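The first chain written gets the first letter, and so on, giving A, B and C; residue counts start at 1 in each chain.
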Amino acid sequence: MAETVLSIRDLRKTFGALKATDGVSLDLRVGEIHALIGPNGAGKTTLIHQISGSIKPDHGTIHFRGEDISRLGVAERARRGLGRSFQISSLAPEFSALRNVMLAVQARQGSSFRFFRPVMTDRSLIEPAMAVLEQTGLGSRAHLPAAELSHGERRQLEIAIALALGSKAFLFDEPMAGMGPEGSRQLTAFLDRLRAQAPILLVEHDMEAVFALADRISVLVYGRVIASGTVDEIRNDAEVRRAYLGEAS
Amino acid sequence: MSTALIIEQLLNGLQFGVMLFLMAAGLTLIFGVMGLINLAHGSLYMIGAFACAVVAAATGSFWLGLAASLVAAAAAGALVELAVIRRLYDRDHLDQVLATFALILIFSEGARWVFGSFPLYLDIPPVLQGAVSLLGGAHYQLYRLAIIGVGIVVAAGLYLLISRTRLGMRIRAGQSDREMIAALGVDIGTLYTVVFALGAALAGLAGALVGALQSVQVGMGEPVLILAFVVIVIGGIGSVKGALVGAILVGVVDTLGRFLLPKLFAIFLGPAEGATTGAAVASMLIYIVMALILAFRPKGLFAANT
Amino acid sequence: MTAGAMNRETLFNTVLAVLLLVLPLAAVAIGEPFYVTLATRMAILALAAVGLNLALGLGGLVSFGHAAFFGIGGYVAGIFASHAFNQEPMLFGFEGSDQMPVIWLSAMLVSALVAVPIGAISLRTSGVYFIMITLAFAQMIYYFAISWPAYGGEDGLSILTRNAFPGLNTAQPISFFLICYGLLMAGLLLFWFVRNSRFGAALQAARQNEARVAAVGIAPFRIRLAAFAMSAAITGVAGALFADLNRFASPSMLSWQMSGELIVLIVLGGTARLFGPVAGAILFVLFEFALGGLTERWQLFLGLILLGVVLFARGGLIGLFAGKARHG
């Protein structure tokens, strides 16, 4: 079995009476896309927040590349190679696409406490950033402010940033949301290639994309993983069909 | 140091706290419902004090003056809300700070223009002059006791208003979800004007009540405003309960600090040195308390809408 | 990208820089030294606002407490000068100093050292909390200054003779102006470098989207704290110059009105613009001088103008001339 990159054990989080995460355990292994599906309100985004560090779980551990990261903040987890995209596009809107990616390159290189060299002539920032933009198909849009990009382009930019960080694992929260069929197809092909670079934990509603991409699928309902397995296993799981697929179709 | 003296200082602290509460309650409501930081709240306090002093001098009645302070401050508040403030709800905090800073300049210079630079004086009404005896042989100014009474009445009134009335329901709805009150069919514009005028009236009341203890002059509002900020930062912005607790805390700590610290420092540093050091430290005490509370509760003691 | 707008801004900046230098020189030539003092005041206030612009403009940190650092700079100048004059040791046998470079470095250091704890507490919060807390801490320092009698208390602290700068006669208004102008240019240069640096990129990105900055692995708190301390240091130097200009370190330098005025300068000129504080300071001092000459109530009109700018003319003077700011 391939090596485990991200390992979550018995994560729990309640908001008042609501059990948003109720004893979730799952693994992400080298080279795979692990899809996380479930009906709205199942707690998928809350789970992503806990993995990336913006919400603190009440209980449970998160190990990343052998290290317990459960107590680290967002920035520290990101520095260790956990790249995420947001469900709602989260960019520096006034900055160009290029400067958004350059910020990630800068973060990857280490110090932001450099006060003198102007970034806009710094080839050690610009070149890797442009390369990633080309790779994600945004090369021609590099100089537009993020706020002026289309919805789909902003999602691509999110992914470009995660790439530029040299992430060792990606957490993508509904990257297909709001994309047209052509955009979805391109992104699917892109994610398909990306898994070789680093494994992906993918939250997605687009079932076509999930079934095309996922090596494994976990189904989250009311904060619990009710089933986990290969695409075929999940397709044929009676409980999943009842709880989720039946409802969705 | 006698018990009587301590009781007197405690009551002074309580009275100061009540006055801060009247200021802070309005500020915190306005922030909670409209998301607005209003630096000009101190000007409304000043307007209340001037209205009371002028009307009391003209009619010879403190009570008419007090009524005038409520009316004048509420009217000024409503007017300012309609003319300026409502253009600021959608703006960032920087714009709100600047525009309300501009209002301070306008109100202060305007008041100086109309009333001159010399302070006005306001007498304590005859009924409330004199002192009362307390337990342990202490005597205390009746008027200050009455201010504490007003504070209790206002706190209870606000509690009932917010928990029991239709307006209160709308205020609570506004604090938790601004879109919801629109969905409920509430006229938000009117609600905002009413809340702003209510906050202004409370500030005006505070100004009028304090006007009889100190002098009434331009610039009297801003030091109190900044203390009221400390109060709501401690209490949690948006929370009236937090404003009450914070105000009493600040009032009592500040008053007792100024009373006790010089004596305390005198033990170690000798009387002269101790008095000056103690006074200097006492002047910073509430800010230190604020810093300590923030270090543990960055959103204050009773954070409302987080 | 509107290259024209950029060039127009550069042109506008150059004109401002040249005007601010040439006018006082011309004033000396025609024997009107009063205008030199006016220009000196502009340069010093502009420098103070350049400091604040680093936190407020680039970082989006609306500090309503920068008077604290302005005043601390002023008091460092006053206290050092008075100890040097009286030859009284202050700390560890240090006898103060009347040398401007020593005073400036100390003003920067002390301002930054005070800014670190204030920033560390205030930056745990954001939005209106940050505004109110910075205001409160500045007020704390103000009350401390007026209740601490050793250095003048409410009366402030006089500087009997203006502090010295090697090779120049600082008592001459034009020499002192040139010193202040030089420091203003140095401050602007520093601001330019910071804005275009990696640090500046992180700082500006944190203003636009804090979560994004954290998600790429940069902790916004540390970036902001460093920016806040640098900002305080620059404003502190300006405070030292201001005390030297007036030969007086006044508690009013620490007042909340001063904090408000510094914000006003920036917004009048153009928030986050390189020369915003310069344009704002020139405008502000001109208002004060022109309106102050016409009416005692000039602050009333300042209030009305400010209200108009906030409600209707966002972008300040530079925005009016050069259009919206762009970030490459």
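List of remarks:
By our rule, a contact is a pair of C-beta atoms (placed from the backbone, for glycine too) under 8 Å apart; a residue touches a chain by one contact, two chains touch by 3 or more.
All figures in this text were calculated on a predicted structure; none of them were measured in a lab.
Measuring from the average of all protein CA coordinates, the nearest chain centre is that of C. Distances between chain centres, each the mean of the C-alpha atoms, put B farthest from subunit A. Subunit A and subunit B have centres, each the mean of its CA atoms, that are 49 Å apart.
One simple way to say how far apart two chains are is to compare their mean CA positions; for subunit B and subunit C this gives 31 Å. Per-chain Cα centroids separate subunit A from subunit C by 43 Å.
Subunit A contributes residues 52, 54, 73-76, 78-79, 84, 86, 90-96, 99-100, 102-104, 106-108, 111-120, 122, 125, 143, 145, 161, 165 to its touches with subunit C in the complex.
By the touch criterion given at the top, residues 31, 37, 39, 84, 87, 93-95, 97-99, 101-106, 108-110, 112-113, 222-223, 226, 229-230, 232-233, 237, 276, 279-280, 282-284, 287-288, 290-291, 294-295, 298-299 of subunit B touch subunit C in their complex.
Interface residues of subunit C, counted against subunit A in their complex, comprise 1, 193-194, 196-202, 204-205, 208-209, 211-220, 223, 226, 326-328. Subunit C contributes residues 56, 62, 64, 121, 124-125, 127-129, 131-133, 135-137, 139-140, 143-144, 146-150, 256, 260, 263-264, 267, 271, 297, 299-300, 302-304, 306-307, 309-311, 314 to its touches with subunit B in the complex.
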